[in-house]
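Okay, so chain A shows up in both of these, paired with chain B first and chain C after.
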Partner chain A sequence: MAKYMGKRFLFTILTLILVTIFLFLLTHVSGADPAKIMLGTNATPEAVEAMRAKLGLDRPWYVQYFSWISDLLHGDLGTSYYRDEKVSDLLVKYFKPTLALAIYSELIAIIIGVPMGIMQAKNKGKASSVIISTITLIGLSIPGFLLGLFLMFFFSVKIKIFPVSGYKAITEGFGEHIKSLVLPSLALGLSQAALITRTTNSAMLEVLNSEYIKTARAKGVNEKTILWKHALRNAMIPIITVCGQSFAVLFGGAVVIETIFNISGLGTLVYNSISNRDYSIIQGAVLVIALVYVVINLLVDVLYGIEDPRIRVGGKK
Partner chain B sequence: MKNKITKEHSHKYLVFKKLCSNKLLLIFGILTIVIVIAGILAPVVSPYSPYDMQTSLRLKAPSAAHWFGTDTYGRDVLTRILYGIRMSLVVGILTAVISTVIGIILGLLAGYFNFLDTIIMRISEAMSTIPVFLMAITLMTILGISTKNVIISMSIVYIPLVVTVTRGVALQVREQTYIEAIRSIGAKWPRILFRHMMPNVLSPVIVQATYIFASSMLVEAALSFLSCGIPLPAPSLGNILSEARTVIFSSWWLVTFPGICLIIVILGINILGDALRDLMDPLSN
Partner chain C sequence: MRKRILAVILCAVMILSMTACGKSGGTSNGGSSSYKDEIHIAYNAEPETFDPVHGTAMATRTITKNIYEGLLEMDADYNVKCQLAEKYETNDDATEYTFYLRKGVKFHNGKEMTADDVVASLNYYADFKSSVTYFATGSRFEKVDDYTVKIKFDEPSAMFPYYLVNQTGFAAIMPKEVIDSATEAGVTEFIGTGPYKYDSYVSGEYFKLVKYDDYVGPGYECNGGDAGDRIAETKTVYFDFVTDPMTRLAGVNTGEYDIATNISYDNLAEVDAYGLQKYADWSMNGCLFMNQSHGIFMDENLRKAVRLVIDPEEMMAAAIPDSTFYSITGSFAGKNMPAWYVEDAEQYIGIKDVDAAKKLVEDSDYDGSTVKLITTSAYPDMVAMTMVLQQELKSIGLNVEVETYDWATTLQKLWNYEPVNENYDIYIMCYPYEAAPTSSSILTLIYSIAYADLNLISEPMAKMESTTDENERFECWKEIQDILYKNEMVIKFYDEASVTISTTKVENLNNFSGPLCWGVKAAE
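And then the complex of A and B:
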């Protein structure tokens, strides 16, 4: 297990290094000059040169990359081009709403997705299974932002149950906090629920066809125990994987939903930085989200080890 | 007694029958075909121009002259939707084709040459740590906002997906005896890769391509919705919705009609993708 995890960890580091190279190259390829962006269009060429020297942009690219990386490792993501704030401070400030949104959406997705998938697999060939698969297909085809707009239209404008927009921190009262995030979480979470339903269904179908389930049925174990205890446990791996991946997808999808519902999270931060061409913030935010993805995948792998002893043993070789 | 395999037993027929048995899907499928054809024929079908502004007709509710109403500039919404569908379809198809072609080449190379495998797979793994939408929007900022760049950035985003699928199949195919046989008679690698291995990866990749088609249309709509996609005044379903957002409380038709059209088209492509999967992989039934 230790060796398996060690190897896995090394790969993770390698992936992260590649992500940083990728992000670094992206801003360099774009040809955007941070010095010009910071000083505005009226700056004299001398002033721009001086700023470039101050920011260290006159050095060769590989020197710039390594100094960027060494700053990164010290927790310094640079300064925003527009606001006089550190990128790391901004990210910390804007991270919480996005995290809350992602967690609630994921909960909605799992609570709806897993039972629906199990029901679909259990009732294979019956009308209810066809209905679930149709709903799933529709769920996969509705863009989150559209769902957000429709939800907002019905629940905030027609029947005024939920606020139209805005975010309330958990410190402002739990009820208000939840209320402000119900619609955005639904808008984000339902398409992921559809994805989880699909995965759960196919994983369960595969397991339910296996020999040991037939054996269990033959010896008279009741259907409920077979479904929830024997089958689900073995269908768990693809389900955990898709749940883990969807969490990262939610972070990415938050950009649109946060702008619609006016939630000041990472997504809004990225969106505003795009119109300002504030690359330092975009770099930082994308890096944080990639880090979330990588960490979650690592956790998923650890869960595999706990869930399935075969993987644990396999790693010992 | 004749023991002939009749048409009724063929796999294609069974898949077709399965599709038709789900009435709801069938209805959506037909609706999609109608909408797609209307979109392709937009210049012929619609009596108005998508750019023609008439301030006297601002924000008019649906009527006999304007079935889906008019927008904030007095343009006919139905016309804009039809042209928007055309645009979305073009962007979706081009993205699917470009990312599939590049992805297949890279995936085959990775699956055949061990030294390339590590490099290509690590890079595509690193790329897939960034969620699709975030990656697309970042690339759009860097490349600049234009229709061409929407297609380029979305193609880049979807390449790793195709690479992973292709490489997985290529790794299995590489070990088959017939590949060994071809190699032993002295075939060069391009011939082995593109003539003998490629046909095997095509069917899973085509299924994946329809998924990319549908999903890139969703991403394009979301990008345009945030004004980072198809630039105005050219209509796309996303930027029509984006303009509609400001008047959502007063003019319901501006959100509802383009929204429903978008959902139906994407649903139709997803149904097509599922049907293709069933058709090409008999085991999935």
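And then the complex of A and C:
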């Protein structure tokens, strides 16, 4: 297991290094100049050049990269070009709403998706299975932003039980906090629930058709025990995978929902920074998102090992 | 049993979340007044800085205009009026200005405003402006006595009072110690003399202002511009940063916000359906720039062909469905700026003579090469106008392609600061009104992105700066426009208003390049 974990960890580090290089190249070849955007349309060429020098943008990209990496290794992500705030402070601030939104959305997705998938597999061929399949298809087809607008129109504008926009931290009261995140979490979580339902269903169907389940049934084992103890446990690997992936997607891809519900999260920060070409924030934020992705993948790998002994035994060979 | 426990927990969470709700919004005077103590403005953009001098964004201006005042300000008709200055004088050749300050004006920190503060503030402004534009290079403000300051110029500068009332990056007066402690990024404390004082700012969420009880105005009524007595009617004003226009609209409809800015033109039908109040905020001039450094528009006749064929009404109708929010005008300062409106300029636009334009193309050396129209997805109305323009130019035989970029890339394509720019041929964009037409972005852009020969207008420009006679100045301004059109340097064809909305309970809301917080109040 230790060797298995070690390999996964090294792979994680390598991934992050590649992400930083790719990111740096991508932001710097995009061409737009933050100095011009900062100074506006009346700026003189001399003022733009002076600003570029001040921001260190007049140096070759690889010099800027190594300078950034060096600062990063000293725990310094730099300062925003525009806001005169440390990137690390901004990331901490914008990370919290996104984390809360991702957790609640994932909870909604798992609470709805896993039981629905099991029910669909259990009732294969019956009307309930067809209904779940149809709901799943609808869930996968409706874009999150459209669902968000629909939820906002119905629950905020028409019956007025949830606010239209804004995020309330948990320190402002749990009720306010939950209330501010119900609609965006539903908008994000429902489509992920559909995905988890599908994966759970197909994983369960595969297991339910296997020989050892047939043997258990022949031995007269209770159907509930077969479903929850034998089948679900053996179907867990793809379910864990899709849950991990969906959490990562929710974390990095909530920008539209954050915009619609006016939540100042990481997605919004990245989007605005891309618009302004605030490289220091883009680099810091994408690094954090990449870190979340690889950590989740690492956790998923660990869960594989716990869930399926063959994986960790394989690691010892 | 477990199901029951789960159901009870879920119900408890739902009830908790339903009950603990609602934005606090107190009542004036402990409930005796029928107006709210607090109003919320859903504002479309969060400024990168709240330093009124450094901030080039309209968002900085709109928010900080409530905190700061200048020596001079503009009224609703774009006339320059005294605000913190009691009066000002200039010598005959407009090379020296003396400003006499109002006495007894206190900053939000309780300190009285004196010449030291004004000199520090205006030199801070001049330093920053001269590093970005060609404003006031080398000239410094000096203290004469505690309530008098002056500035001298080497060249006549009759338009100087107008430069002091710039829309964005304005000459705000702040305490000297605030200027002294400013960092490279700008001031770190927001202390002015205006009707509201800074309370708090939460990045990504809101900027909160509270009424300044010791505010003293200049003693004349504000007519809807920046100048005059700014009487605050509401104790607390929040600028809530809400980037999505649909969310701003829905928020005003539910009463979560009292006012919302920059509503999409496409949502005007919903605004009417919800019965909300809507306001036109006139603040933009729109132009068509032709690249004269490279390509077919180096030929003056082809530039003329474009002017002859374009149909501003058709272009604007595609961009803004409600004609209340645009005005077709060839004057470089539209009818909303009566002091600078030039009626004669209207003759140059809206000609729609396809045959004449076609003939000019046929008689030219045009070889069928691609004409690049560049536009930005950041402004959907510009994209719509550009699409119509593409069809109009095709109708006279030009081979036209549209390239759409995000704002940052568009800037990069347009401003390459090289002698030649091969990135584009035509670009449509609107720019904020400025009190001084000579400091308008349009004139700068004619040179910096269209590469037109500004020497052609240098004589009347210099004359405008050297005469203090208003009529003579206006004649110079007319002459400048004539030259710009006759040499086909640029086509100014519209003014545009953004859409501000409010609930029906909001009263006295004025817009002057953004909503003005003073005067506005909202009934309970």
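One rule holds in what follows: the second predicted complex is superposed on the first by the 285 of 317 C-alpha atoms of A that agree within 3 Å, B and C clash if a C-alpha of one lies under 4 Å from a C-alpha of the other, contacts with A are read in each partner's own complex, and residues count from 1 in each chain.
Convention: contacts are C-beta pairs under 8 Å (C-beta built on N, C-alpha and C of every residue); 3 or more make two chains touch, one makes a residue touch a chain.
Being a predicted model, the structure only gives us computed values, none of them experimental.
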**Request:** Considering only touches as defined above, state whether A:Thr15 meets chain B (first), chain C (second), both or neither.
**Result:** first
**Request:** Check whether A:Val130 is in contact with chain B, with chain C, with both or with neither, and answer first, second, both or neither.
**Result:** first
**Request:** May I ask you to decide whether A:Leu26 touches chain B, chain C, both, or neither, giving the answer as first, second, both or neither?
**Result:** first
**Touching partner for A:Leu57 - first (chain B), second (chain C), both, neither** = neither
**Touching partner for A:Leu39 - first (chain B), second (chain C), both, neither** = second
**Message:** Is A:Val286 touching anything from chain B or chain C once the two structures are fitted on A? First, second, both or neither.
**Reply:** first
**Request:** Report for A:Ile237: first if it touches chain B alone, second if chain C alone, otherwise both or neither.
**Result:** neither
**Message:** If we overlay the two complexes on their shared chain A, which of chain B and chain C does A:Leu99 touch? Say first, second, both or neither.
**Reply:** neither
**Message:** Once chain A of both complexes is superposed, is A:Leu298 in touch with chain B (first), chain C (second), both, or neither?
**Reply:** neither
**Message:** Quick check on my understanding: which residues of chain A belong to both its chain B contact set and its chain C contact set?
**Reply:** 30, 32, 149, 152-153, 157, 259-260, 274, 277
**Fill in**
chain A contacts chain C in the complex at 30-33, 36-45, 47-48, 50, 54, 82-85, 90, 93-94, 149, 152-153, 156-157, 160-161, 163-167, 173-176, 178-179, 182, 259-262, 264, 268-269, 274-277
**Request:** Sort out for me which residues of chain C touch chain A in the complex.
**Result:** 13, 16-21, 23, 48-49, 56, 131-134, 168-169, 183-186, 203-205, 240-244, 246-247, 250-251, 253-254, 256, 378, 406-409, 411-412, 415, 417, 431, 441, 444-445, 448
**Prompt:** For the complex, which residues does chain B have touching chain A?
**Reply:** 22, 24-25, 122-123, 125-127, 129-135, 137-143, 214, 218, 221-222, 225-226, 228, 241, 245, 248-249, 252, 255, 259, 262-263, 266-267, 270-271, 274
**Fill in**
chain A contacts chain B in the complex at 14-16, 18-19, 22, 26-27, 29-30, 32, 130, 133-134, 137-138, 140-146, 149-150, 152-153, 157, 248-249, 251-253, 255-256, 259-260, 270-271, 274, 277, 282, 286, 289-290, 293-294, 297
